[in-house]
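Common to both upcoming complexes is subunit A, partnered first by subunit B, then by subunit C.
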Partner chain A sequence: MKALPILKKLLVSVLTALFVSFLTYGLLYISPGDPAELLLTEKMGSMGVQKEVVQRYAEQLGLNKGFLEMYRDWFVNMLHGDLGTSYKTGNPVLTDFLSRLGCSAQLALLSTAISLVLGVGLGILSARRRNGIIDRLTRFFSAVSLSVPSFWLAILFLWIFAMKLGWFPIADYQGIRSLILPGVVMGVSGCAGLIRVTRSGVLDNLSEGYVVTARARGLNDRQVFLGHVLKNVMLPVVTMVTSSLIAHIGGSVIIENIFSLPGVGNFLLRALRSKDFPAILGFVFLMGMIVVVLTTVADLLYLAIDPRVREGMYEKK
Partner chain B sequence: MKRNKENRSLIVKCGVLAFMLLLIVFSKLLFGRGDVVTTAIANTPPCWQHPFGTDNLGRDLLCRSFIGLRLSLLMAFIMQVICLALGVTIGTVVGYAGGILDKLFVFLQNVILSFPGTVLTLCIMLLLGNGIFSMIVALCIFGWLSYARLIRSRVLTLRQANFIKGEIAIGSSLFRIHFFHIVPNVIRTIIPMFTLMIGHMVLAIAGLSFLGFGVQPPNAEIGLMIQDGMTYIRSAPWMFIFPGLVLAVYSILFNTVGDALQDRFDPHDSVNASKM
Partner chain C sequence: MEELLKLDHVSTAFRSRSGLVKAVCDVNFTVAPGQIVGLVGETGCGKSVLGQTILRLLPPGVEQSGRILFQGKDLMTMSEEEIRAVRGKKIAYINQNPTEALNPVLKIGTQLLESLRVCGGLRGGEARRQALEILASLSFDDPEEIMNKYPMELSGGMKQRALTAMAMCGKPPFLIADEPTKGLDALIRGQVIESLEKFVDFTGCSGLIITHDLKFARAMCDTLALMYAGEIVECGPAKKLFSMPKHPYLSALLASMPQNGMHVLKGSSCSLIDMPEGCRFADRCPYADGECRARHPEMRSVGEDRMVRCRRYD
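After this line comes the complex of A and B, so read on.
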């Protein structure tokens, strides 16, 4: 009985995933430009390409069938773990994706960690010294971090710290050393929401009845804050962190491009520019899947840490 | 007393924004003469005549920044009007109708939110081709959702409110309830959101143009200018610094005014709406 809502959630997630794949496929199917012709032109240079050759090439790539048939083929192959072969690199899309996932995942985790530390830390500080100098500075900082275009900040940091000061590598990828600058940029521009949620969460909770009760029981400030308030503030923070992870998977397209990182976003951008259909489709689908999985995990996590959500779910039924 | 002080600071903020917007609106008149190719003064560092310096073709960067921002702001405004109209309509219908329509909306929302935003926008740009029109469409497909979500949740909670129940009890029509009671309540949430979203949209437009998918070269646009600046990052760093700075200043203005409006109109909700 208790597993039912969770099962239902999972089912909705699977449905979402299916719909995501269908939508992506549909979008690419109706997009203009014949990939077979594009590819041939690229391979042969700018010499005219004959229609017959293009047609034969399209047949070879399986591009001349109807939409549903093509989608079915793709879907069946996908279930077998085969997402097709990239036109551009000639590798299986899954291999391409996995080889670039490491860099992007590290970047997303690093930047989310920076956001989390900055956001929660500054949020708590500014709530505890409400309207003080730290609070004002923090609010200004969050307004700025929300407003400054992250790609501009990225170039600025690249210029100052990598080119002028030479602390970080510019173009060649050197593992974690190359990820620090982009991580800081994304972390800083992503922390504004967390600051706000933490700050107002702390302020709201401090005026709740349970704080008065805890004080009446003789707990000191520290105990009340760490043992009671912080727990309640963390709930919206969990949601924010997931959505920040989601945002960073997509937001990293521009940042990865600027720092020329070998990540998922940068590869996808190149695929989009060259109309590398299997690669675009596979990458968007896999990114969507990661998002669906992350959201589901966050929902379940929410169920686990907040009894109110759990009970609310059963009450409705 | 405190209210008075807050009101004054809100008026000051709005005044600054209005002044800066006027600068943008009349930018063609004020700065139009600087946007011409004069190779003789190419790559001039910032000086009195050209406070932001000139680019690789000798065009004044101060002039181009403002003219470029005019285009972005105009587009952002058009997009937000479209998103607002779509979002309010869909959000209201779904909120009232409930049932299967509501379930469908929640599902659709989950699907759209499952794509990382930039990626979805880029895919749609691929479908429609590069350029201004397709950028408007691509960003709107994502943008209406935040309004619709807000309106839907508002309608859902307002429907339970006692004053609405009272209206139903005295036999008011749906039309009357909606336009005389729901809409005025929702508007105070929408105005700040609209301001905030314009700021976001301007950034999104610049980002897409930076990647080469949005506004195309002969036009002045901040993202494009920053992209150009990246090529000359060593020899002429002012080419990327100043346009970005102008964009940041305007974006900060929109955000602070939006926040201030939110605090004024809707103190309880300032957290929820800022999530999107």
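After this line comes the complex of A and C, so read on.
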């Protein structure tokens, strides 16, 4: 295995994460609203804050410096492992991030696991019973899951299972018990793509020459499927699962909001509202780093599954 | 004559958007023990379908009829379990296009050891020894290394030999090889002939070799059956067919070989969906008359061991 291309990719990804954090910072900087004023207003109430107090507070936070200077300070500190302190909570950004990551990561893992089991399971079943009743139901289910927006499903589930039936907590966070409902919502809305990819992957592979070779050697359907087809089908599935894991860690803002979960997305949303620069920069950068790590893991998985990737043949296909 | 494989009125058809494709129509022939029969014909004449029909490898929904007797048992009416016991162990099949016929994500060793386990009942060290022996017998220089390679790391000729090695695992008494020289150059063709000959020595088997390569067929086969548009039009001992072709199609094929002046046969084979009523070759035949187009000719004996489907030999 060649390590160099992976290292190169890793470096590019880290630079991308940095660039994204810079871009976020830039957009935020030009957007209206003074963070010092916003924060003070929030702290004191809407009584109106004196101008000089705002200015003193801004100086204290280092907001009086220039655009690039502020970013440079943040960058240098970041290189020393210091992501700064959140204006709003007063905690180190890293501490805030880690305290919220658990919830988001658990949710992402749970929902991706549900997607994986549902998607691959139904995809295989529907391909093997092509045009049968299970296949038709599955195709209908995947069309529905593609077209129903997840926030709508979330509200529906919240209403049925939490409010009417009272099986799950509505607002107070109770650990894993609070994650089941959002996990199911995200898992169900995310599995449509996986069903399709798995189903078409199985069907395509079943007409490949190597399947004929395998059958001609006296293997039964189960041996052909488990020993030969499955590994070939897993390639696109790995890609989809990693990208859904990534999307679920950072992109579950709406779901976290609906279910009032203390996750990364929800925190970031609040930080954006109050222009909490250190928190936003830190969160965006750290989430970028998680994406970098996960894509690298996916690349390594690819290498383990498909020898053609090792030779760089994959692009040709 | 005692026969190992006997095809008795075998037909295969499958549905397509434009209609029923009659890929194989009423084929009869036999293979005696120790005999190598070549099934030749141009691309699309149904010869590969016939090969897969014998082992019932075609996808579900394909209509097959007739009897295929192997060692006296009808493969057509066997249960799925019984036919699986024949595949690989009694009749080995070498698929066409070795690049697609090997699983791209499994090492050659994995696929070979699997064949030995399924077809030969060998496991562990014993299987490994046997695998290395088979690879060495097919003139792989470093069998150990080949075991650890993926199909894409091998050349076309090596893949063909790897596929041959997998078919050898069950030491079958019968081999079906589909287009083993397709897409290979003259040098590799020599290697394939050599490896198939080793196969025959190793297993002592008889075989059916499906090919469009007349030169290769002449080198490998005792008997030839010539297919045109789904049916056999001439069969007999290979040497006699080459020296004295009877059917106009065979004469035309021989004339199209490079050493015979490359006189290309014009036109193309008739559709397998809308068959003409009369002789299927009539449209391309220099001797065809009204009678040829009106009535479909039957196979008739012409001399010892030879049959031809042409009205001119009535």
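Everything that follows uses one rule, which is that the second predicted complex is superposed on the first by the 309 of 317 C-alpha atoms of A that agree within 3 Å, B and C clash if a C-alpha of one lies under 4 Å from a C-alpha of the other, contacts with A are read in each partner's own complex, and residues count from 1 in each chain.
Everything below uses one rule, namely that a residue touches a chain if its C-beta (ideal position, glycine included) is under 8 Å from a C-beta of that chain, and two chains touch if they have at least 3 such contacts.
Being a predicted model, the structure only gives us computed values, none of them experimental.
After superposition onto subunit A, the modelled positions of subunit B and subunit C are compatible, with room for both. When the two complexes are overlaid on their common chain A, residue A:M287 makes contact with subunit B while staying clear of subunit C.
In the superposed model, A:E208 makes contact with subunit C only, not with subunit B. With chain A used for the fit, subunit A forms the apex of an angle whose arms reach the C-alpha centres of subunit B and subunit C; rounded to a multiple of 10, it measures 80°. Once the two complexes are overlaid on the shared chain, A:A298 sits clear of subunit B and of subunit C alike. Of the two partner chains placed around the shared chain by superposition, neither subunit B nor subunit C is touched by A:L181.
A count of residues in subunit A touched by subunit B and by subunit C gives the higher number to B. When both complexes are overlaid on chain A, the residue A:V12 reaches subunit B alone and has no touch with subunit C. Of the two partner chains, subunit B is the only one that A:I254 touches; subunit C does not reach it. When both complexes are overlaid on chain A, the residue A:P307 reaches subunit C alone and has no touch with subunit B. Once the two complexes are overlaid on the shared chain, A:T24 sits against subunit B while remaining clear of subunit C. The gap separating subunit B from subunit C in the superposed three-chain model is 7 Å, by closest C-alpha atoms. Note for the complex: subunit B touches subunit A at residues 107, 110-111, 113-120, 122-124, 126-127, 129, 199, 203, 206-207, 210-212, 223, 226, 229-230, 233-234, 237, 240-241, 244, 247-248, 251-252, 254-256, 259, 270-271, 274-275. The touching residues of subunit A, when paired with subunit C in their complex, are 207-210, 212-220, 223, 227-228, 231-232, 305-308, 311, 313.
Residues of subunit A that touch subunit B in their complex: 12, 15-17, 19-20, 23-24, 27-28, 30-32, 143-144, 146-149, 151-152, 155-156, 158-159, 163, 193, 196-197, 200-201, 236, 240, 243, 246-247, 249-251, 253-254, 257-258, 268-269, 272-273, 275, 280, 284, 287-288, 291-292, 295. Taken in their complex, subunit C has these residues touching subunit A: 52, 55, 57, 59, 84-89, 92-93, 95-97, 100-107, 114-115, 118-119, 150, 152-153, 163, 166-167, 169-170.
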